[in-house]
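One chain, subunit A, links the two complexes that follow: it is found with subunit B in the first and with subunit C in the second.
== the complex of A and B ==
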């Protein structure tokens, strides 16, 4: 067993447990896009970042790949983490606004604006499909091609794959190609229809003070108008 | 004594070195023609051929242990890079240390007549310092005498393709000492006490890295030499491999001994054919001499090395990506931990050291850890080789103790900015480094100091910029480089760098709004915080450091739509001063977009709508009538 500190709480987990697994076990929500329990962790979406160590010597690591070690100090919702996450989600929105998963993340993490130039990508290169195809379907029909911003997912030499069995696993697991609940909006990239209300505690403390999901009670107490929703 | 026979003991090594030393003493005058990549490009091989031809004419040529000994004890040999490629082709004449710069084949006859036969120097080929005084030998040249050359001590003085030269210069004595007198733990201890830190960029303590790998139980273990040097304007690893490959190899064998590895892999980028050739020759010679292979010098320690040629990907210089590439997979980083000391090449404990780091190891063993540590700063021992380039009088390889102030390198060794212009900034650390303003020249070049100032040591690139440089444009250049080289695996680096480029492009094109700077800062911070590997984690530096020190320049671009340095094309305009224009039509003739019109002998005008802002008119006008603003 390994004992470490998670958001100030001393907990013990089995050796080899990642921070993400431990946090989820203890009910602390960490967002992910490229993680799936059934697949090997990849660490590409960066949403599961947590802060380890004590500032100023702390750093952000992906909790999906980082195994808890003895005495490690982990903060899953520090100011640095929350800000970085929000910025990432804003960039995801600017890239792939048609994904419901991303729109939901935006609402949940109170990302209400997109300051970048709007793009309409259909893929965020989380690589879930590639790992699904290889690890679960044992096919290995798809992989990455290209480097940097020309990176994309394709079959070998862009030819029709002989290894593909048309199982649809890649489509099933894709977080990006799900339709948005409201359908695509032309102008405004952020849907925020089901906005989760911002945790007001973050303004006073350098940390989210509760992990209730969503934290409506807190919001109502602060006397702010809840955002109007589309689902009326 | 038969030189090809393998060395089986330390005594045999000493005998062989003695033999080579004696053989070299028979050569009274030795002409060393630089055969580094830089000098070869400027024609040094033709100079060397000319020397050989002329000397052969004047006497019978003889071959002695690879040294072409000609006539009255005169030998011609190639040498490795001197690091002063700007002045090449370079010729050094030993034992006098006479140093000729810019030698052309036509000059060879004069050198042979005047220097070799006449015993005088050829004045016009000598280096002249700032006051115009000729420097007779290499040690007098300010560029060299302000350096502390301990790693580059052999560079330019020995033939890199001849193990005899290296042995005669005291090579492989460190290895002999390690194998006979020291335990692996003692070697690591020496390296730790010497405060040797990785020269590849991150500055991780080498001793710690070795220790971690030594304590791993898995077997076999690997030593990898990282020669995938990719920073623009940096060439210290190439130069070391080209000028002193045996030193790197010796360091690698010692590293292997210290961590218990029997296999060494040298990962050289494909763009370095000469470095590859020389290290391959060095490996071959070391095998023949018995310094690689089984039971080295009768110590029972086995070690062999092989070369792996990279595919030309910048990111493969990152350790985890390098391992992927070695394994035959796509060169992409993976998230650490596990660290490579635990799970590296083929899942086995692996130590990756930079070329320069390994070349430092024999020095530490030879001069001793305390002496080595005393050379550098408190936290890092020894020297660092920098590649001084840009707007500076002397460019080239510069080896200085870690911690000397930037000014000493730029103003002292570099000789300041040419054409009387003002120094504006110094960029250190390659594409992911930062720009430091002229006011910060007193900053010590130390790992911690540089990173606190928002830049980094990196692998040792150092680009000097004068006041004609636009800092936003500089940031844009490096962002573009990183965008090309990001592997694209993690979202923050791939998309973040792309977005930074988008914003910086907007700024230089005059399209940016007031809130842009804040967004750029936030994006850069996010990329730094969130990315997987070293490339992403430092990709924000070019932007953040230029904003930190040159915010005014960004604001001028954003708010006033002006580029103070007159570099960003969209933000400058050209006009003709009607009072000065003589109507000579020279500019109108040369204008590629036909934007200049006017009658002969009448003042001309530039149509801003047609003008491409190429600046040809400015260069063409002999009456200073064209204004840039």
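== the complex of A and C ==
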């Protein structure tokens, strides 16, 4: 067992447990994008950053890949961490605004503006599909090619892969493939509709609303008992 | 780096595998040495032999600039366009070679004789501008001295 300090709380976990696993076990939410319990941790999206050590000698590490060690001091929501996360989400928004996962993250973390040049990428290189294909589907049909700014996901010689079984696992897990709700602000880089106290989704969609965590707004509006999920 | 002679006979993949103890980059280098590029069917055979997915090999092959997936020329020219060489006029040398050998940068001439690449640094900045012809460095190259280098290259080829 390893004992360490998580947000001022002394906790002990089994050896080999990552900070992210420990935090989630104790109910502390750390946002992630490229992390999936069924896949190996990758540390690409950097959203799971936490601050370890005591300032001024603290540093940011990805909690999904960092194993808890004895006496470690971890803060999951310090000012530095929150600011860095918001900056990261802002950059993701500038890269791939069409993704629902990223839009939801932006709303959740109160990112309301994008100060970078707007791009419309289809991929954020989180590597989920590559790991899904290799680790869960045992196919290894897709992977990274090139490097630097020409790095992308592709198949062998960009041809139809013989290893691919069309399982669709890559599409299922891809955060960029989930199209954002076609709300009235669809042309804007930041949707933030879920931040509104009067969500426009109610007027537009009778049956389906945002799939985000309960946003109190709709409960108040409909005057019903608060539900676990406000959607469906 | 004696790459002048195109290797003869079929490529022995098993020998390369054994010699390099299955180290992927070293094997790819052997293949490139033999064929002057990485042919698709050889990579497929390699993947089968080392038991790795094809994409893994493709990933490594596309990551490194050294590896080429297209057929390269018999003679390979590299012009350094690093900072030191650039300020001493390596751009002009690239144009000169392009015109003289009818080959675009990063490509191979139609007759399959020459390929021209620009590289970011050859590690001999004091000698800039630097031109590498078939593994041989030519330092302090000027358009004049380049002309003699290219002529030598062309005449050497005629003698063969």
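The rule is simple: the second predicted complex is superposed on the first by the 190 of 232 C-alpha atoms of A that agree within 3 Å, B and C clash if a C-alpha of one lies under 4 Å from a C-alpha of the other, contacts with A are read in each partner's own complex, and residues count from 1 in each chain.
Just so it is clear, contacts are C-beta pairs under 8 Å (C-beta built on N, C-alpha and C of every residue); 3 or more make two chains touch, one makes a residue touch a chain.
Since the model is a prediction, treat every value here as computed from it, not as a measurement.
Undergrad: Name the chain, either subunit B or subunit C, that contacts more residues of subunit A.
TA: Counting residues of subunit A touched by each partner, the higher count goes to B.
Undergrad: Based on the superposed arrangement, let me know which partner A:80 touches: subunit B (first), subunit C (second), both, or neither?
TA: The first partner, subunit B, only.
Undergrad: Using the superposition on chain A described above, determine whether A:149 touches subunit B (first), subunit C (second), both, or neither.
TA: A:149 sits against subunit B, while subunit C stays out of touch.
Undergrad: Touching A:66 in the superposition: subunit B (first), subunit C (second), both, neither?
TA: Touch partner of A:66: subunit B, not subunit C.
Undergrad: Where does A:163 make contact in the superposed view: on subunit B (first), on subunit C (second), on both, or on neither?
TA: second
Undergrad: Is A:140 contacted by the first partner subunit B, the second partner subunit C, both or neither?
TA: In the superposition, A:140 touches subunit C alone.
Undergrad: Quick check on the superposed pair: does A:115 touch subunit B, subunit C, both, or neither? Answer first, second, both or neither.
TA: In the superposition, A:115 contacts subunit B only.
Undergrad: Both subunit B and subunit C contact which residues of subunit A?
TA: Common to the two interfaces on subunit A: residues 144, 146-147.
Undergrad: Considering only the defined contacts, which subunit A positions touch subunit B in the complex?
TA: For subunit A paired with subunit B, touching residues are 41, 43-46, 49, 60-62, 65-67, 80, 83-84, 87-88, 91-92, 94-95, 115-117, 124-126, 144, 146-151.
Undergrad: Show me the residue ranges of subunit C that touch subunit A in the complex, using the header's touch definition.
TA: 40, 43, 52-59, 62-63, 69
Undergrad: Going by the contact rule set out above, which residues of subunit A touch subunit C in the complex?
TA: 134, 139-147, 154-157, 161-163
Undergrad: Provide the residue numbers of subunit B that touch subunit A in the complex, in ascending order.
TA: Residues of subunit B touching subunit A: 313, 330, 334-335, 337, 483-492, 494-496, 498-499, 502, 515, 519, 522-523, 525-526, 529-532.
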